[in-house]
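Below is one structure; the comments refer to it alone.
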Amino acid sequence: MDERFILKVEDLTVSFDGFKAVDHLSFYVEPNECRVIIGPNGAGKTTVLDLICGRTKATEGSVVFKGKELLAMREDQIVHAGVGRKFQTPSVYEDLTVFENLELSYPKGHGVFGALAFKRDETVRARIKEIAQTIFLDGQLDEKAAFLSHGQKQWLEIGMLLIQDPELLMLDEPVAGMSVAERKKIAELLNRIIQDRSVIVIEHDMGFVADIATRVTVLHQGKTLSEGTMDRVQNDPKVVEVYLGH
Amino acid sequence: MFADYSMSELGAIFAMQGFAGLILFSVFVLMALGLAIIFGQMGVINMAHGEFMILGAYVTYLTSNLFGDYMPALFGTYFFVAMFLAFLASGALGLFVEWALIRHLYKRPLDTLLATWGLSLILQQIYRSVFGAREVGVTIPDWMMGSLPLTDLIEVPINGIFVMVLAVSISIAVYVMMFRSTWGKQVRAINQNRVMAGAVGINTEWTDRLTFGIGCGVAGVAGSAFTMIGSTGPTAGQLYIVDTFLVVVFGGAGSLLGTIASAFSISQAQSIMEFFLSGSMAKVLTLLVVVGILMIRPQGLFSLKLRK
Amino acid sequence: MSDQNSESENNHLSRRAVLAGGTALTASLFLPKNLRAADFPTAEVNTTGLAVTDDTVTIGILHSVTGTMAISETGSVQAEKLAIEQINAQGGILGRKIEYIQEDGASDWPTFAEKARKLLVNDKVASVMGCWTSASRKAVLPVFEQHNGFLYYPTFYEGLEESPNVIYTGQEATQQIIAGLDWVNQTKGAKSFYLLGSDYIWPRTSNKIARKHIENFMEGCEVVGEEYYPLGHTQFNSVINKIRLRKPDVIYAIVVGGSNVAFYKQLIAAGIDPAAEKPIVLTISVTEDEIRGIGGENIAGSYACMKYFQSLENENNLAFVKAFKEMWGDDIVIGDVTQAAYLGPWLWKAAVEKAGSFDVDKVREASPGIELTTAPEGYVKVHENHHLWSKTRVGRALADGQYEVVFETAELVEPDPFPEGYQ
Amino acid sequence: MQSSAFMSRKEIIGFVILAALIFVIFPAVLDNFRLNLFGKYLTYAFVAVGLALCWGAGGILSLGQGVFFGLGGYCMAMFLKLEASTPENTAIQSTPGIPDFMDWNQLTELPWWWEPFYSLPIALIAVVAVPVMFAFIIGVAMFTRRVGGVYFAIITQAFAAIMTILIIGQQGYTGGVNGITDLRTLLGWDIRTDEAKTVLYFVNGVLLFAVLLVAQYVRKSKLGRLLIAMRDQEDRVRFSGYNVANFKIFIFCLGAAFAGIGGAMFTLQVGFMSPTLVGIVPSIEMVIFCAVGGRLSILGAVYGALLVNWAKTSLSESFPELWLLGLGGLFIAVVMVFPNGLAGVWSEKIEPRLLEIMGKKKSVAPAPDGAPAE
């Protein structure tokens, strides 16, 4: 069983002054799986991602990624272990160019002196070019990120993750604020990426979810309400009740 | 050190030393309350806090002269009038400063720090031009000086009691305003979510200005009270800055209770150390301990663990 | 201080000579007033390129006008300007009017050094009246020694210095301290002392001298506590309790600046009224200037030991106080340092006239033995060690902010900046 | 992708102009006294350059740079003081051979931690190492616990206060409020003469350029871009796999090292070191040098230090009362009106105008390419 899962979340709990935002949550992600987490506002979706990537410290429980306990690690160590995270609002470095944004995410020269000695050689350039093409920004490499459109920033952030080449990619509402056409593109991209890695996605847009999900987990008040394929979850009466009762 | 003294003497000394600690505590509370409101609730660093206090002190000085010249019969009561005027003067200056400077800088806390430092220099120079470079002597009504002999050995300074009473009443007043009044609710709402507070119809602009004004006003009252125990000169305000900020930060910004608790612990630590060590070393040690603890626990003594 | 070794031997020889012949030079102020510049050609009286013309001589005034020390230094500036004006009204020096260039040390020691260099190098001033704190003097001292300037320094200070380029017009520590301690011991029967000070060199050195004197030279007397607080400290309740615990006969306080105000207010609030003299409060750091900030009613009954009080009732002083108030306003008070600063231009004038030259080397040579009979504090004389012989007085603070003189040494006290037995 | 080069052409021109000012124009126009003053101002520029990196690029505002400036200065001063305190020079003391202020405070032997400062190499290493060590300790404690922004500023300010009280209180070991004064020679070379001051001015200038080049390298390295990234999106940097604390510690230590060098040069040029250069007020003034220059620009920082100090000297010479008002107004103006300081004014207002004028010329007769740079 151990070998089957790349990520094991067990009994994960965090409480803020007594309020349990995530409450003894457990779930398991397989390699190359695309797991979508849905749930009403305040269900604890973003908090789960925060806990996995180390942004928030858990009160109890464990998060094991490829046999390593993540809860004891710093954010940057978790990244180096192979977990990448995209935030809900696009978070890119606005004062830097697209090229520089991608370069900073390139997995080399991450120590202080490594960064001082880091050289922009051909391998680096080539890799950045390649990623830029994937995210449709190869025309804007020298533009400051601040001048990109909202959608393009989302793309850029995904590109920054891709260049890290993580084994587990966590995306928080990647299509929020995007046009229908862009959504299609993202769905295509994700389907392409998933070939090589596992993905956890938080999303509200059910159409989009149906496009990409391998399995779906429904969170409610910090607990798993339902889990399974899209079809199964959609027909689960508990889920229907929570969504409609809202 | 204590071998030559009788138990009763020692008891009396320790009682008075405890009292000295309480006075220091009250002084810290008075210094820090205004800042705690401004820094804690608005996140604004007001480096001119000391100068707002000194404005209160100068107002007290003017009031005492006024009463001395025109209403000598009422001189004994001028202090209350002075404190009220100090509140108004510092508060009004606070409103103006918020309007002219602070409101443009809410998103740049480090820049407020620089701007208010500049403001403090300007205020110092204005005080110097208006009141002269020398310290002014504020005459305190007779009944406020001297001490109450509790027993043969224990004497309690009246101005100390006054400062303590003042500290307690202002703390209560601030607490009530903060947690019982509409203004307090609005301030806390803005502190938690500015955009949302604005969206539900709170006039964030005016609430900010009022908060800043009240914080400065409280500083003015503190300055007025300090004429009893300290000096009033153009640069006297700078003496308070480091202590005040440390008290607020140590307490955990945003928590009034924390400010009071931190004022209590710092003042007690300092006054106990002062008793056993030389004053200079006591001060250095107190500061080092506070900074040391802040390094281990940067959020301060009291702070809520919030969901990011 | 390397240049000092050779000099101190000479000093020893010449001291007695000057003492003997001193009276001959008395009252240099009363030399003919109408010295004409024409009798002293510029080329002769100024061989070193100082700022001396046929009608004027330029000197520097170097004090803090801004910053924390401005409070203290304002009086010195006023006194120096008064002296300059009076000298000019009498016809100036060697027939030349004194002009001054005033620089602001801004309470910042590097600025003092910088301005001193400017005055000496750029402005070529013939002498400088200036500095207040020891730190500012220490900062400018190398500049004066390097560029051979001449400084008149007005503040009472810790001693341990004897620069060929400075005339110290205030008292050094032993002059100020010893007479007061003896007085309080002999007339008040005080035996135990609590030493308190702001934490820097002057209070520490002064208290060291006081302790040595109490322990080694005053029979049966002891120091029961010694304590320092940072400059600007405003909370003295703890030390007041300690004082209570030790029950000294005398609180010997060398607190300065804003701390002073806090200290005396808290002292009286804690039930230790100086007027009750239980214990006696004796200070060497509170002049009439400081009382203005403290409030006369808060310090009344304390004793201060220094060489000058505004209330001195001699003719010189009455005239000086009158002139000072005419120039600077009626509500002004005059403290010890202010008076000492007033002496600077007069002492320099006397030295220049004795030397018949503005050259610093000649003025330096002429300085020892210079006497002023017109000094507000009374008769003073310049010692070979560049300090002044002066009387030491004890004053009792009154509620109106003045001191009432209760004691005065019979003789001039010899300045002794490197006191044997007090190190 | 021009920015990947060590310096852009514009930056090269900037460096050349500054070099011309410091090495040619100032020495040519200013008399000895003024030149020496400018030398003193330049020592503050070291601190300002460090701040431009820490604060401008990294967003770390330290209100305690005076501590590092002071530590560097004191290390230098200790060496010079020991050299000045030969037994012959101090023969009148009760204990000859120790610094005069120790003798006044009844010390009878040199404290052990003064001993190493008999050696110039050790003193020179200490000038950099001691401030860096201090910065490292503070940095590790604060940055690994993610103390930043305002809190960091206030705590560093407290350090400045503590340091001052400590130096003043331990006067037997530090010279107290007077500082360490009356410094004379460096390995027998009299540093008080006009020639020495001129030489020191040039040494100072060369060192400043060395520091500027280091700063430029850091800025242009990936580390420099990371700093900007951290300032704006600290979390994102963390989740790109960087240990943010290490970078902050590094840049803070670098700033401290610069400040230490500046302090040492200050001691050499001014001839003493005192606690007034360590405290809260000088520390915050150092921030304003950087802010006036433009907090992002290392060259701006140098101009800021020069301009503010020059204004301070000349204003306080003619209108002492106005100086505080001027300085206060400057703080406010820099924050409210010119947040990017001189560098901002230059690049937003003056440079476009210049380019316009030059552009007009160009249309008449094409200007030779890149001439000023070579």
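Lettered A, B, C and D in written order, each chain numbered from 1.
By definition in this document, contacts are C-beta pairs under 8 Å (C-beta built on N, C-alpha and C of every residue); 3 or more make two chains touch, one makes a residue touch a chain.
Predicted, not measured: the structure shown is a model, and the values here were computed from it.
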Neighbouring chains shared between subunit C and subunit D, ordered by label: B
Chain separated most widely from subunit C, comparing mean CA positions: A
Identity of the most central chain, Cα criterion: D
Inter-centroid spacing, subunit B versus subunit A (mean Cα positions, whole Å): 48
Whole-Å gap between the CA centroids of subunit A and subunit C: 75
Centroid spacing, where centroids are CA-atom means, of subunit B and subunit D in whole angstrom: 34
Where subunit C touches two or more other chains, by residue: 65-66, 199, 228, 230
For subunit D, residues contacting two or more additional chains: 165, 168-169, 321, 324
Where subunit B touches two or more other chains, by residue: 125, 128, 278, 280, 283
Touch list for subunit D against partner subunit C, complex: 31-33, 36-37, 40, 88-92, 94, 100-101, 103-106, 165, 168-169, 171, 176-179, 181-184, 192-193, 266, 270-272, 274, 276-277, 313, 316-317, 320-321, 323-324
Subunit C residues within the subunit D interface of the complex: 1-2, 4-5, 8, 65-66, 103-104, 106, 108-111, 113-114, 117-118, 121-122, 133-135, 138-139, 141-143, 146, 158, 160, 199-201, 204-205, 208, 228, 230-231, 418, 423
Interfacial residue positions of subunit B with respect to subunit D in the complex: 43, 45, 101, 104-105, 108-115, 117-122, 124-125, 128-129, 238, 241-242, 245-246, 249, 278, 280-281, 283-284, 287-288, 290-291, 294-296, 298
Parts of subunit D lying in touch with subunit A, wherever the complex brings them together: 1, 3-4, 217-218, 221-223, 225-226, 228-229, 232-233, 235-244, 246-247, 250
Complex contacts: residues of subunit A adjacent to subunit D: 53, 55, 74-76, 79-80, 84-85, 87, 91-97, 99-100, 103-105, 107, 109-112, 115-118, 120, 141-142, 160, 164
